[in-house]
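Next, two complexes with subunit A in common: one pairs it with subunit B, the other with subunit C.
Then we have the complex of A and B:
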């Protein structure tokens, strides 16, 4: 009996050690991130801005910040629907493409954003850039593509969409593979119109995927830095100064780390509301797809 | 394959790669007169001098740095993420599911926000950021992805198997070989592929934290060719082509694995 109890104790200890070994990385990660977040908040509270007001109130009182927030929201609101609109047709094309060629569709996402951005920068450069050369071929006057606020904004959006649509399409391609298969055939036999088939077969299947991609795209759009920084540095004026560029400029160029962190802290409620809304839509789409 | 099917594929691919083709055209033309505004310069001779010119910069060392950093960072994230996901599965305690959710939620924190406290730690500690430190910092965004992907595969392990494992008092080696490995083989490849690509393209942490000129990654290095008012277009073009070829090799090799990883990462756990 004692031997059995001892053996059971030993096995329990072994299992506990195994679990400790397996779970330690996750626990360490969560603690580390929590520490970093606490440090960011501490930095906001202890570091006064140049005008002797708190970092947080300096951010709240800065009209540039609110314009930046609005611009970031507009950017996200523009790129997410565009990606959805382009991704589904591209997913269909990817499904029909030879398998050996499919990797080429995802290339814009895989190459480092800096390289892709430099390619676009050169494409839209004022002198000798590809876009102006094409215009010249048709006798149209050259444009300062990146020197005009509106066109710079839309080029940033176009670059963001160009990079991420292949990702969306690659994620969606397997989900649409069932369309045209036996289920679709049965639906046709039952006399369902194409619109009805789309509503009953296509949308429920794609809805969870759509909301998951929306969430990722929302986070990435809000945090978009590299492409904007390399393309326009937030200009012309501050036409493309999104939240990450604003935070970077204050934190590292003005050397007030707290202002950078404060920008995100103030934006947090707005971002959180958007994320919660998308997550709610995602959960209900998953429930509907299950039923 | 009919022309009707081939045409949309060709058109889409052209739009996808057009900016890269433009960069490539610059890379194989002479540097002289590169800003001629009235010609696409297709009649100019093709030259590889710009690729040779890359060796006058530190481009090839940036490339090696990026690939090495991505390999180690993604290997670390893959191993730790899988260990944790497996641990959450066999632990069966709600607490660890919550910790897993917190780890996944960390991915929602924008990188630009986390870079401030990391930079602050760097300033306070006085330690120069080295390769190992950057591998650790990359875990901030790679670990959640790894846990997410690992969970999407390991959650398929029937709960009954785990219970039987506890009843049978499996040794760690048996947990590994009987429970984990059959479900994780593909997951490991997928996790490594996706985290490798994410680490390879990472810019913010490398840009802000790299203080040593001997440890610059491709994204940061390429951006430095654009510094100030001088744009070394020919070198940028050549560097862009080499980087794209490396990326193309990576994606062509890992194509099926990346596709599965991307599909899993957006549909998993739903």
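Then we have the complex of A and C:
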């Protein structure tokens, strides 16, 4: 074995050890959570109608929790594709916009979430709010924007998308800078159609970035609290009571900190599966981009 | 050489430590020891109250060889920061909502002896303050003040309609319908029907006024599903369906009714006296046109619910005696009265002698102190319990209206569903 090979192997071993060292606490945590969840499930299996229960099994038994998890999943499933759909055209606009004006596109992301949310809240006031004033100008009756479950849900989603799309677009703008460049020119000369150029040149370059942004957005959407709390406080009813609002309500309003933590622990397996799925897509995208 | 230099460094460090400890002991005996007292204070929208309290605390600290550190909690962050303070290992003295304090008595010092010492100077507490401060005979907080909750009226609109201020809920409903003018975009009664605290307080009072209750006198049996509660719900829904309550009220937060009243979009609302305070400074014309009254009486009588605050000392505080000395200073009768005068109704006393001050019996604030006098604690007619606090804090009873308005449920069915949710809380 040559010195270079030995050195490379030594480096690889060190990297593996470091990775194990960093991942070990996380793995131990996952095992502990799995054990606690199994205990909670066993507790319910043995005594399905018990009144005094641990916080984990109380959360598992709570129908509101499963409703909340479903709502949160729906929210994340809605906002992430929307961001992708809007970010690409916006990225093209940013690329072609005058350089002095490009900073303006990132403003929604930069504005503090509380300030932005209050502005949206006033916009959708049912009495005298901006949206209803516009409707009144066209002779349309006022709407209870934040008082109706469906519209409140979509307004929360719209606010989330509005805030993050500029970040996506700004991150993607440099990656689409090659469009129309020498590579694409050569592909045109080779007789590739626009569709084929997009499939073979554009998507592989954007895919890793797309999945990385997806991952971030998924984590942020699942944990979305400030904007939802200021906008709707989880209402009307529990239409926008996402995981973070549920946890907050139990931890700080009911003063049962354990229930707040338990909500996140019970949701962990579902969140972990989603994150692993996205990470897998990210890794394959990176591999494909390399080849 | 290396060992010698380490040895020298150790000797130098030890010498320095000796010098410092000797110097710190030279300041005097234990009596002259400088104390440090950390205080958490809830921000009042009467801003003058905040600055006045800061001055009181700082002056007292200067006179008593104490470093006083005051942390003012913004109202919007109250739940979060109060919980953080309660759960933290450190901390001395805090002013907290009594319902929050009383579900954490395991972390709080027994203040029974302190209350006995103080009570004589101001003739005891109002009933609600006392009930929300004691558990099994032990005092865990010392009642300080309340946020009174009253009904606000646009007196100019009432006079223009040829009406007078209502004394019963039936009269109030009639007045609200008469004052609704959709052409001018003015609604008769502006009260949120969702998650906000004002509606929680409003709804609790209306339920009591109709003879209903959330829980029986035993404090354990949920009693929400009753004809009286149905009557209370129908009272509010009647106003909603008549268009007197704005259609989007389910989506309001705690400040929406304030903003809309100050923006002259609603003619009547129920709120703390913050509306008065802000109107006086920003819109003197509106201020002159505002009248307020205690909650109108229902078939079962006149009731009120007010948010109350009390001083707590952490069980493991190292400065408990210092905190008690500060509280003795605060609870001086003259000092209390001065604080409430500065508050201009934003805060109302829980001490009877301060409540007897002229500012409450004459002028604008008589109804404010009346709301404190007739107020009932959470869980009434039963005792205050953790479950009662949880039901209120999670706005479970408010959920009836989301079911009726959005899910189109029959009010009786909605009440039954919410009753089941509350039973789950009480069974834990």
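The rule is short, and it goes like this: the second predicted complex is superposed on the first by the 240 of 291 C-alpha atoms of A that agree within 3 Å, B and C clash if a C-alpha of one lies under 4 Å from a C-alpha of the other, contacts with A are read in each partner's own complex, and residues count from 1 in each chain.
FYI, a residue touches a chain if its C-beta (ideal position, glycine included) is under 8 Å from a C-beta of that chain, and two chains touch if they have at least 3 such contacts.
As the structure is a computational prediction, the values presented were derived from the model and not from experiment.
Touch criterion met: A:128 reaches subunit B and subunit C at once.
Of the two partners subunit B and subunit C, more residues of subunit A are touched by B. In the superposition on chain A, A:233 makes contact with subunit C only, while subunit B stays out of contact range.
Applying the stated contact rule after C-alpha superposition, one finds that A:27 touches subunit B and leaves subunit C untouched. Touch criterion met: A:251 reaches subunit B and subunit C at once.
Contacts of A:58 after superposition on the shared chain: subunit C is touched, whereas subunit B is not. In the superposition on chain A, A:148 contacts subunit C only, with no contact to subunit B. In the superposed pair of complexes, A:110 makes contact with subunit B only, with no contact to subunit C. Overlaid on A, the two complexes show subunit B and subunit C touching the same residues of subunit A, namely 121, 125, 127-128, 142, 230, 251-252, 257. Those residues of subunit A that touch subunit B in the complex are listed here as 11, 14-15, 18-19, 21-23, 25-27, 29-30, 33, 35-37, 39-40, 43, 90, 93, 96-98, 101-116, 118-123, 125, 127-128, 130, 132-133, 136, 142, 162, 166-167, 170-171, 173-175, 208-209, 212-213, 216, 219, 222-223, 225-226, 230, 243-244, 247-248, 251-252, 257, 260-261, 264, 275, 282, 286.
On subunit C, the positions that touch subunit A within their shared complex are 79-80, 83, 87, 100, 103-104, 185, 187, 190, 194-196, 246-253, 256, 260, 263, 265-266, 386, 389-390, 393-394, 399, 402-403, 405-407, 424, 427-428.
On subunit A, the positions that touch subunit C within their shared complex are 51-53, 58, 62, 121, 124-128, 142-149, 152, 230, 232-239, 249, 251-257. Residues 1, 5, 8-9, 12-13, 16-20, 22-23, 26, 34-40, 66, 80-81, 83-84, 86-88, 90-91, 96, 99-100, 102-103, 106-114, 116-121, 139-140, 143, 147, 166, 169, 171-172, 175, 197, 200-201, 203-204, 207-208, 218-220, 222-223, 225-226, 231, 233, 236-237, 239-240, 243-244, 247-248, 250-252, 255, 258-259, 262-263, 265-267, 270 of subunit B are the ones touching subunit A in the complex.
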